[in-house]
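Structure below; questions to follow.
Letters are used for the chains, namely A, B and C, taken in the order the chains are written, and counting of residues starts over at 1 for each.
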Amino acid sequence: MDFIQEGFIQAIKLLVNRDPSTYSAISATLRSSTLAMAASLLLGIPLGYILGYFDFSFKKHISIIVNTLLSLPTVFIGLVIYALLTRNGPFGEAGLLFTIPGIAIGQTILSLPIVIALTATAVEGADRNLRITLMSLGANRKQIAASTLWEVRLGILAAAVTATGRVLTEVGISLMVGGNIKWHTRTITTAIALETSKGEFGMGIALGLVLLLIALTINVSLVGLRRRI
Amino acid sequence: MKRNMNSEYKVVFSLVLFILLIFPGVMLCANSSQAAEDKDELLMATTTSTDNTGLLDYLMPAFTAQTGIDIRWTSTGTGKALKLGENCDVDVLLVHAPQTEIDFVKKGFGKDRRQIMYNDFVLIGPPGDPAAIKGKKVSEAMKALRSSNSVFVSRGDNSGTNKKERALWQLADVPIPEKEAWYRQSGQGMLATINVAAELNGYTLADRGTYIKYESVAAGKPALLILVEGDDVLLNQYSIITINPKHCTNVKYDMAQTLSAWMANKEAQNLIEEFKLFGKQLFTPNADQD
Amino acid sequence: MGIYHIHDLEHYYGDKQVLSIEDVSIPTASITGLIGPNGSGKSTLLKLLVFLEKPTYGAIIFKGRKVAPFSHNIRLRVTLLPQEPYLMRRSVFDNVAYGLKIRGDTKDLKNRVEEALTQVGLDSERFARRKCTALSGGEAHRVALAARLILKPEVLLLDEPTASVDAKSARLIRKASLKAKKDWGTTLVVATHDWQWLYETCDTVLHLLHGKIFKGGLGCAVYGPWRMGQNGLLHKELEDGQVLNVPKPEEGKQVAILDPSKLEVLLPEKGLSLKWNINSLNGFVTRMFLERNGKTVQVAIKIAELVITIRMERDRVEALKLFPGKEVSISYDHQKIEWL
């Protein structure tokens, strides 16, 4: 139990004293998460709209697949991405293994099903009369898509928040694809894994609290956004 | 209250713009660090037990200062480190599993193997020592462990330590335990395994470096003590292996060779000898011996 | 030709036929009423008229041209106020301005929105900033109408615009729609049960029954059971004992239609079956409406449990001295009775 107390004190010390390795880990976490969230939102929202809005013959099958992908274990994704990025793998020449963009690729795959599934749900939940209203006011297909997405914006925001949570806290991908290299690809979560494996439980707690603080900051700023839209 | 035509489009647009602006910014940051890597950086795979002692954090800066070569390393289990070498994802290995290393070179994955330093393994257990192994020779101790039914925690992860443990069972003519109730395979790193053993009041095989670390973390009151040590067979040899450029055309072979030579030279070897963890020497350099 | 011409239109949902219209024209700048029981296809017809969907067979010609959904011709000119209009999650102002914004027509936006809100009787000072959730049912309906009126559409289709709103809103909706017609020549097609709309406002009333249109008035559907009668005919006994004779239907058809345009109103004394095929039924007049043109009268006649409304020339009504309560006789040609 002491290490939990110790952890709280450690956390404050690390942040206030600007401990370099902690800040390096924060930077690594934020960099990979931002890349992953940008990519998965840009790809996932349109795909989620298509899945939710249109009726097509294999819609149910795709839904099942997307929902199953929600349960992808992070180590599994990490392993698959490693296989793709390893020197002798199909994308070996890109030199993305043990880099932040490499981690981001894996995290994008983690985040995409969440964004797609929750956006589709939000779009499906939109009032049936919305389409009639938009068409009867003269909207063309693009405008219908944009206006529908805007109508369900709160649902989409929830999708983004959920996905961000998952991405910020995953370990498996960062470890396998990033390699936990100090100063370069050591994220907060891989640092926690390392410290706890070294028996430094207090440090593990401290870093966990730092991560929570980051998540809190993100969510507080989103509240401001939520009110305005 | 004159609203602009695209008031909500504006919000979405600026959000997207925000994301898109960060994107290249982040990519640039990521890429600049990557670009630097590719030029003069060596990538090494090593084991968690080596890295956890802090030796590399202590030693490598001197290497960089003297040779101008930047070095990064990833630490994993021995099995994975060798796999990374085989897959050409790293340039050089620092591991401690001699038999496997020799095979590795024989298969053509590694080129030059050079001994650098050693420490030893120790059998640790509860102060009460229910299996009464204290002071015994290793083989006797292993037999006693088997018959006493006391908990023994194994790494269970094909690491160098794990391979050594299995070799010790064999040497003592004891069938290697697997499903026995008293034999627990943690599948984790050395410190985690020691902690498991401490929780279960059991025995385990550890490298001295990690044990010293454990001692210090336990603030001088460790739950487990060293009970068996000193046998020749408990030797834990660390070596550097350069990855074979014929097997992996992309490896920075020359730089790897430089590292290997540097770690064997007088100055590095002295540094290794002087490296202490909590007042105790961890490694004994032996690069010139064979 | 009129602004709409519908011919040989058949619309199916899956296997079920919901509309079957042979030939209907809607004149420009007219007010047409659509009446019919629930499920008769009124909403579907309106959806096809606003080109939300394409008819399964046949076509709707708009201003002389064949048109498909999303076509540029109609997108900006024809609008529909649905039975349950949906207001978007934004302020009243943004809801009303939406149609103009997506057309890129935003000159003088504030004034135009104010004008539209005033047209439906909503004070723009109090309402413009409100969120759509803070409105009563009638107010929301009026906002939806304002969003469409602001477009100055060529055609305004209304689906039960006054069915679920308070009396004040109903009045204002009617007033605003009529003003649109007067000011801009908007063609109105209104599906409604509201008598005031139908008989005081509409130029024409189309009766929709089981997806088919009847022009002569409000016909009625007669359901079974049918019994075998004489001469290979079927007949149905009405509640007061009178008998309706019908020819044998095709396989599977159960419902007979009394088409008002094929009926004649006579006075009982003169009701002699002179011709072989003519039958007659006795009933009495219940309601009479003077249509907007001032020349025709809709006469509702009750026969046992059936009610039929026949459009008659005013002179004929005078000649027969019809009044609500007068006993009359309907003559029909049973060979001309159709089945659904």
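Of note:
Here is the rule we go by: a residue touches a chain if its C-beta (ideal position, glycine included) is under 8 Å from a C-beta of that chain, and two chains touch if they have at least 3 such contacts.
The structure presented is a predicted model; accordingly, all values stated were derived computationally and were not measured.
Annotation: omitting chain C yields no split, and the remaining chains form one piece by touching.
Closest to the protein's overall CA centre, chain by chain, comes A.
Distance from the chain A centre to the chain B centre is 30 Å, each centre being the mean of its Cα atoms. Each chain gets one centre point, the mean of its Cα atoms, and the points for chain B and chain C are 83 Å apart. Between chain A and chain C, the centres computed from C-alpha atoms are 54 Å apart. Residues of chain A found to touch two or more other chains are absent. In chain B, the positions touching at least two other chains are 8. Here chain A touches chain B in the complex through residues 31, 34-35, 37-38, 41-42, 86-88, 92, 95, 97-101, 146, 150, 179-184, 196-200, 228-229, going by the rule given at the top.
Put simply, chain A touches chain C in their complex at residues 127, 129-130, 132-133, 135-141, 143, 147, 151. The touching residues of chain C, when paired with chain A in their complex, are 47, 50, 52, 69-70, 75-76, 79-82, 84-86, 88-89, 98-99, 102-103, 144, 147-148, 151. Those residues of chain B lying in contact with chain A across their complex are 8-9, 11-12, 16, 19-20, 22-23, 26-27, 29-31, 33-34, 37-38, 43, 48, 52, 57, 72-76, 87-89, 188-189, 191-192, 194-195, 213-214, 217, 248, 250.
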